[in-house]
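What follows is chain A paired twice: with chain B in the first complex and chain C in the second.
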Partner chain A sequence: MSLLGSNPARSDADAKLRGEAVFGADLARPGMLWASISRSPVAAGRIRSIDSGPALKVDGVLDVLTAADVPDGRTGVIVNDIPFLAADYVAYEGEPVAIVVADNRAAADAGAQAVDIDIEPTEPVSTPEQALAPGVRLVHPDWNRFAVTGGADIGRDGNVVAEVVHDPGDLDEAFAVADVVVEGTYRTPRQYQAHLEPKMALATYESGRYVIEVSHQYPFRLRDRVAQMLGVAPSAVRVVGHHIGGGFGAKLDVSLEAFAALLARRYRRPVRMQHAALEERLVAPCRANALVSIRSAVSGDGTILATDVEIVSDSGAYANNGPALSAIPMFVFGSIYRVGTARIRTRNVYTNTAPTGAYRGVNGPWLVFANERHIDAVADALDRDRREFRLASLARDGDLMRNGQPLEEISILREAFDRVDELAPWQGAGTGELRGVGQAAAVWLTNPMPGHATVKLNEDGTATVITSATENGSGAVATGLRQIAAETLGLAADAVTITMPDTDATGYDAGSQGSRTTHVVGRAIADASAEVRSQVLDRASQMLEAAPEDLTIDDGVVAVAGVPAASLTLGAVAQAATWSDGPITAGASYVTPTPPHDPACATGMLIKGWPTPTYHLHQAEVSVDVVTGRVTVDRYVVCQEVGRAIHPDAIAGQIQGGVAQGLGFALSERVDLDHGRYVQRTFKAHGLPLAEDVPKVEMIVMEHVDPAGPYGAKGAAEPPIVPVAAAVANAVSDAIGVPFDTLPITPEAVLEALEAES
Partner chain B sequence: MRFCRVRSVAEAVDELSRWGTEGRILAGGTDVMPQYLRGEQPPAALIDISGIDGLQGVSEVGGVTSIGTLVTLRRLATASLVAMRHPALAQAATAVGAWQTQTVATLGGNICSAAATADTLPALLVADAQLMLVSKSGRRRIGLEEFLEGPGATALRPTELLRAIEAEPLGERSAEGYVKVGRRSAMDLAVVGLALRLSVTPTGVVNNARIAVCGGTRPPHRVPSAEAAVVGTQLVDGRLDCTDAGAELASAAAPERAREAEYRRRVLPRLLSRLAERCVAGISGVGS
Partner chain C sequence: MPGAAGEQSVSIRLIVNERRHQLDVGAGETLLSMLRERLSLLGPKEACCEGECGACTVLMDGAPVASCILAAGSTNGRTVLTVEGLAGTGELTALQQAFVSHAAVQCGYCTPGVLMVLTALLEDTPDPSEADVRRALAGTICRCTGYQQIVEAALDAAQLMIRAATS
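Our next item is the complex of A and B:
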């Protein structure tokens, strides 16, 4: 019986339920020191002086380090713009200015508060619009001296961190002949990951190497970034991963680890650091706030002749991954609906705000929000039914994305429209006073980046998978990867153990991001397991005196097909092999090839293709409370294509969770900035949705096997968040008859619209 | 910090007079404990009154409802006497936090904490609640509205204990209710809370109206101008026109420039209409 499509227990479930699982934030070592960061209290300003005196008077404080005591120079993922500690000026509230090390945590925290940082504040560049205004102050006057390590010319210019331009050049003609021109501006705020376990680090230094224990989504990037910051070779850093208490993209880059590592070397003692709740918020790499303007030339028959898209996204004070993510609009506009000739310009800009970064579905929720709100606006302008117009405008198999990549299976999306309609018919949905219905579709990638696994058959007939794939909560590692190994090897799922990440012990792994683990690491595990299986069959065929092709392996037993008596346990085979030829192990690597594309399609593109796409349609039905302005989501349907569902319960969990996060983005979460500073500073003020605010999501999981994936699997975990805000905003706009093009759709905004309407 | 567990009101007031401003009463602990855990300056003595049986219980005494200071919000939300005689209070108690909070939080604690967002206070205000205070030097009775001096500030003297709350039950041809608007559907503080008690004559004219709000920057309070705009109004087709009262409510109850004031101004008239509709529907046997 196949393990695929069944729901075996997660390997970490028992420990997590009993509270026995050791998370990063649980780690402690005898004799460890604690360190804490003194951060800039202002969004922008020049550092006049830093007085460590008051901190050094705190009982237990050993030392205070400032920029003069740490490596100079700047580092980063794509642009080397981040100082180890701010030296001359601060560029955002919360920027590290000093490190206080102490023999206990309370002393370190008190010391960090006590450091007297004298800053002459300057008026911050607080919004992306302001950053682009003529004559505005530059966030980094020396921007031109920062090295770019992440690739080609990314269009940097002053406050512009990166610019991606796709310009086919003949839009004017289309706009001249258009019957209707539809314009819209779509504005979205930041989104905070709100994971529960704060960021932490535990560093030790021994035998000339740094060991960093951490809960992190991407241990290999962390290794490389720490090495970069300390100016040592990556091989001088070992990262060991522990259970992660939530990440959602926030734990993909370096945060406290290099500080802890530096101190561990200095004091030759373990050094532990951890963010306090407010620090988490202040320096979280939130989803970027963005402004998307779309102008479409449409003919009377509903054909979109041309589309002009202008995007500005907020990078915050440093570049991080913003330049790479600026390519993503190229994979949204024209990849779902036919939008005619499209010009797309994306600018990612510096502001004096906390650097933005990765949050589940990078850029997707706001790009799809803009795309789908605009499609509704075009349908309304043409007086067409919105679903019918979507179907008429839907791309067709063979259409090219803006990067020249063919859409090979976009017809899956057409099927999704049918499937959703069978479950929740569009006709009649969301009718009645102050009720509405909305749809949103997405084509989302499966992150292609490299993975590796070693599979070893143990001498007792069980198997161990050795990989640095990280379990970020989805179950991709704790069950999905184990199922793939077990299925290939002929074992029960619980006979497969999988290791925690360790950069010394495994091949490179690109971390828990973009739904890649099941697809990429799963493929490596399937290949390695197949090689192990082949070694088992070779050895067993000698022992059983039968041809390998006549052997079966089931539940840990190798048998000659049709001769049940002629059988061996896998343990017996493993032992025999170990003491003759040696242990049975195999390793395999996988990277998804970049899809065919036109390298000249745009300038500044660091992400070239959209590999292993999956297809998504969401439908939301809402009602609006005329008294309070509150939006209630009455019904929510997700139709999602996953390649092959390895663990259906885990997929359902990811869909339900992604929708919950999307509803928070759409309706209730607040991450407002006022002169560069965050307004909401507690979970209480933040407004995450509660269980009562989230409906039970109805799900349709479609399977269209991907030959490259393990047993046909693509990725599934990331994209359920992507279309949510778009579907909800379309539904609320339908309910009230007023367009909602700004998120979040707060009760205040709803009441304002209702009053304007009446 | 001293922890004093007292077994009687007499013991409690003894301890209060000993510690004065250095003492703090502990009842359900839903405010005291978070403050303690946040590391705020602890009192010299914590006087735990939770074991005093005499401060429990809901009873009817001479036409008024007497509620012991230790009665929990969960009890208020479920007791049939409260449901019949003080439905607004039952609804308000249900609206506080989660069950876990309601199960330990006490009405007396709610009153003495005097939070601007306290759901139970508007419901008590429309029942013209009177507070029974006791100290070593005697007893004192004070109206709730007078007692609430500011957010977190009350007329309670350091040596005094709130012993019981007396509230006027619903009369004939009367109805009341409490509605809360928070940022989320549960586990949140009130952005606006509104309590309304209405009485009408047999011919359907409003002869008494009490309206109280919480959730602003002021402590919970009644809004006499809105009440006056309702009194004397004739129900028409079983409906009460609250337009004028709503306007009064909006301007009187949300005058501040706070972040959410604009929203409060918009919501209050709408909320009043919804609540009035509910109340009118709950008053039977009225002709018009």
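Our next item is the complex of A and C:
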């Protein structure tokens, strides 16, 4: 019986349910010191002086480090723009200015509060619009001296961190002959990941090397970033991963680790750090706030002749991944619906706000929101049924994305429209007073970045998978990867164990991001397991005196097909192999190849292609309370294509959880900025969805096997968040008859619209 | 916080997970830090530290409390149950087993608090409606699951417990 498509228990469930699982935030070492950061209280300003005196008077404080005590120079993922500690000026509220080290946590926190930072405040560049205004102050006057890693031309210019331009030529003709021109501006706020476990680090310095113990989604990037910040070779840093209490993209880059490592060497003691509650929110790498303007030239028959898209996203005070993410619009506009000749310009800009970063689905939720709100607007302008117009405009197999990549299986999306309609017919949905229905579609990638696994057959016939793939909660490691190994080796799922991440012990892994683990690491495990299986069959064929092709392996037993008596346990085979030829192990690597594309399609593109696409259609039915303005989601349907469902219950958990986060983005979650400073200061103020707010999501999981994936699997975990805000906003706009082009659609926004309407 | 100098301490006696303790706790020390740092009970989680997310929830005399904002000194004479005390060294409880079979655990950081809230619910309301379960979870945030599998696990556990009690 196949293990694929079954729902074995996660390997970490028992420990997590007993409270025994050790998360990063649970770590401690005898003799460890604690350190805490003194952060800028203002969004922008010049540092006049830093007085450590008051902090040094706190009992237990050992020292206070400022910029003069730490490596100088700036580092970063794409642009080297982040100082180790702010030296001359601060660029956002919460920027690290000093580090206080103490012999206990309370003293470190008290010391960090006591450092007297004297800053002459300047008026912050608060919004992307302001950042682009002529003559505005530059967030970083020396921007032109920051190195760009890889040396790529990403279109930097003053407050513009990166610019991606796709300009196929003149659109004027299309707009001149158009019967209808539809314009819209779509505005979305930041979104806070709200992982529950605070960011932390535990660093030691042993035998000339730094050891970082942490809960992190991408230990190898952390290794490289800590090395970069400390100015040492990556091999001088070892990262050991522990259970992660949620990340959603927030734990993909360095945060406290290099500070802790520096101190561990300085004091030759373990050093522990952890964000305090407010700190966690001040510096979270939120999803970027963005403004998308779309103008479409449409002919009377409903053909979109041309589309002009202008995007500005907020990078905050530093670049982080913003330049790379600025390529993503290239994979949204024209990849779902035919939008004619498209000009797409994306600018990612500096502001005096906390740096934004990766949050599940990265730019997808706001790009799909803009794309789908706009499709509704075009359909409305043409007086066409919105679903029928979507189907008429849907791309076809062989169409090219804006990067020149062929859409090979976009017809899966057409099938999704049929499947959703069978379950929740569009006709009759969302009808009635203040009720509405909306749809949104997405084509999302599976992150292609490298992975490796070693599979070893243990001498008792079980197997161990050695990898630094990280379990972020999705179950991809705790069950999916184990099922793939077990299926290939002929073992029960619980006969496969899998290691925790350790950059010393495994090949490179690009972390839990973009749903890559099941597809990329799963493929490496399937390949390595197939090699282990082949070694097993070779050895067993000698022992059983049968040809390898006549052997079967099932539930840990190797048998000659049709001769049940002629059998051996995998343990017996492993023992025999170990003491003759040596232990049975095999390793394999995988990176998804970049799909064919036109390298000249745009300037500034750091992400070139859209590998291993999956297909998504969401449909929301809502009702609006005329008194309270509250939107209730009455019905929510997801149709998602996953390649092959390895663990259906885990996929269901990802869909339900992704939709919940998307509903928060659509209706309730707030991250507002006032003169560069966050308004929401407590956890609850963010309006995170609670159990009473989230409906049961109805799901249709489609399988279209991907020959490159392990048993056909693609990614599944990230994309359920992507179309949600778009589908909900379309439904609310339908219910009220007023376009909702700004998120979140709060009760206040609804009441305002209802008032304007009456 | 332990180690903070110059702080007045108060002597308390309490029962935690069926074991008696006598402790001198600081005036500003929270129940959460007492459990984690003095008793090495790391099951209750440190998360928002504002009593808003529920990851630190424990039962005090059977009722859920946010241990991150409760003064340790106020627990004198009380009985506290943490996630470690649910199954102890034995088999998982019916609720915990339902969490396994319903895939209700993802990252697991909210799980200790969610289990305590639902344990108290099932004690008070052995046959809860779905709305009862969702209302009980109002003080706990789970960012991973979207709550559905947790709700289904709780409802399933309730039925299992009713059947076990009546058979």
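The criterion applied here is as follows: the second predicted complex is superposed on the first by the 756 of 758 C-alpha atoms of A that agree within 3 Å, B and C clash if a C-alpha of one lies under 4 Å from a C-alpha of the other, contacts with A are read in each partner's own complex, and residues count from 1 in each chain.
Just so we're on the same page, a residue touches a chain if its C-beta (ideal position, glycine included) is under 8 Å from a C-beta of that chain, and two chains touch if they have at least 3 such contacts.
Note that this is a predicted model, so its numbers are computed, not measured.
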**Message:** Contacts for A:Ala276 in the overlay, against chain B (first) and chain C (second): which applies, first, second, both or neither?
**Reply:** second
**Message:** So in the superposed three-chain picture, is A:Thr351 touching just chain B, just chain C, both, or none of them (first/second/both/neither)?
**Reply:** neither
**Message:** Just to be sure I read the superposition right, which of the two partners does A:Ala13 touch: chain B = first, chain C = second, or both, or neither?
**Reply:** second
**Item:** Partner chain(s) touched by A:Thr517 [first = chain B, second = chain C, both, neither]
**Value:** neither
**Request:** Examine A:Gly245 and indicate which partner it touches, taking first as chain B and second as chain C; both and neither are also allowed.
**Result:** second
**Asked** Given the touch rule stated above, what does A:Arg105 touch, chain B (first), chain C (second), both, or neither?
**Response** second
**Message:** Comparing chain B against chain C, which has contacts with more of the residues in chain A?
**Reply:** C
**Message:** I'd like to know which partner A:Pro747 touches here: chain B for first, chain C for second, both or neither.
**Reply:** first
**Request:** May I ask you to decide whether A:Leu690 touches chain B, chain C, both, or neither, giving the answer as first, second, both or neither?
**Result:** both
**Request:** Mind sorting out which residues of chain A both chain B and chain C touch, each in its own complex?
**Result:** 684, 689-690, 692
**Request:** Please name which positions on chain A make contact with chain B in the complex.
**Result:** 626-630, 668, 684, 687, 689-690, 692-693, 747-748, 751-752, 755
**Asked** Tell me, which parts of chain C touch chain A in their complex?
**Response** 1-6, 36, 41-50, 52-53, 55, 82-84, 86-87, 92, 96, 99-103, 105-112, 115, 131, 133-135, 137-138, 140-151
**Complete:** The answer for chain A against chain C in the complex is residues 7, 9-10, 12-14, 16-23, 25-26, 59-60, 103-107, 193-198, 243-248, 276-277, 472-475, 647, 649-650, 652-653, 656-661, 682-684, 688-692, 694, 696-697
**Item:** Residues of chain B defined as touching chain A within the complex
**Value:** 181, 183-187, 189, 260, 262-263, 266-267, 270-271, 273-274
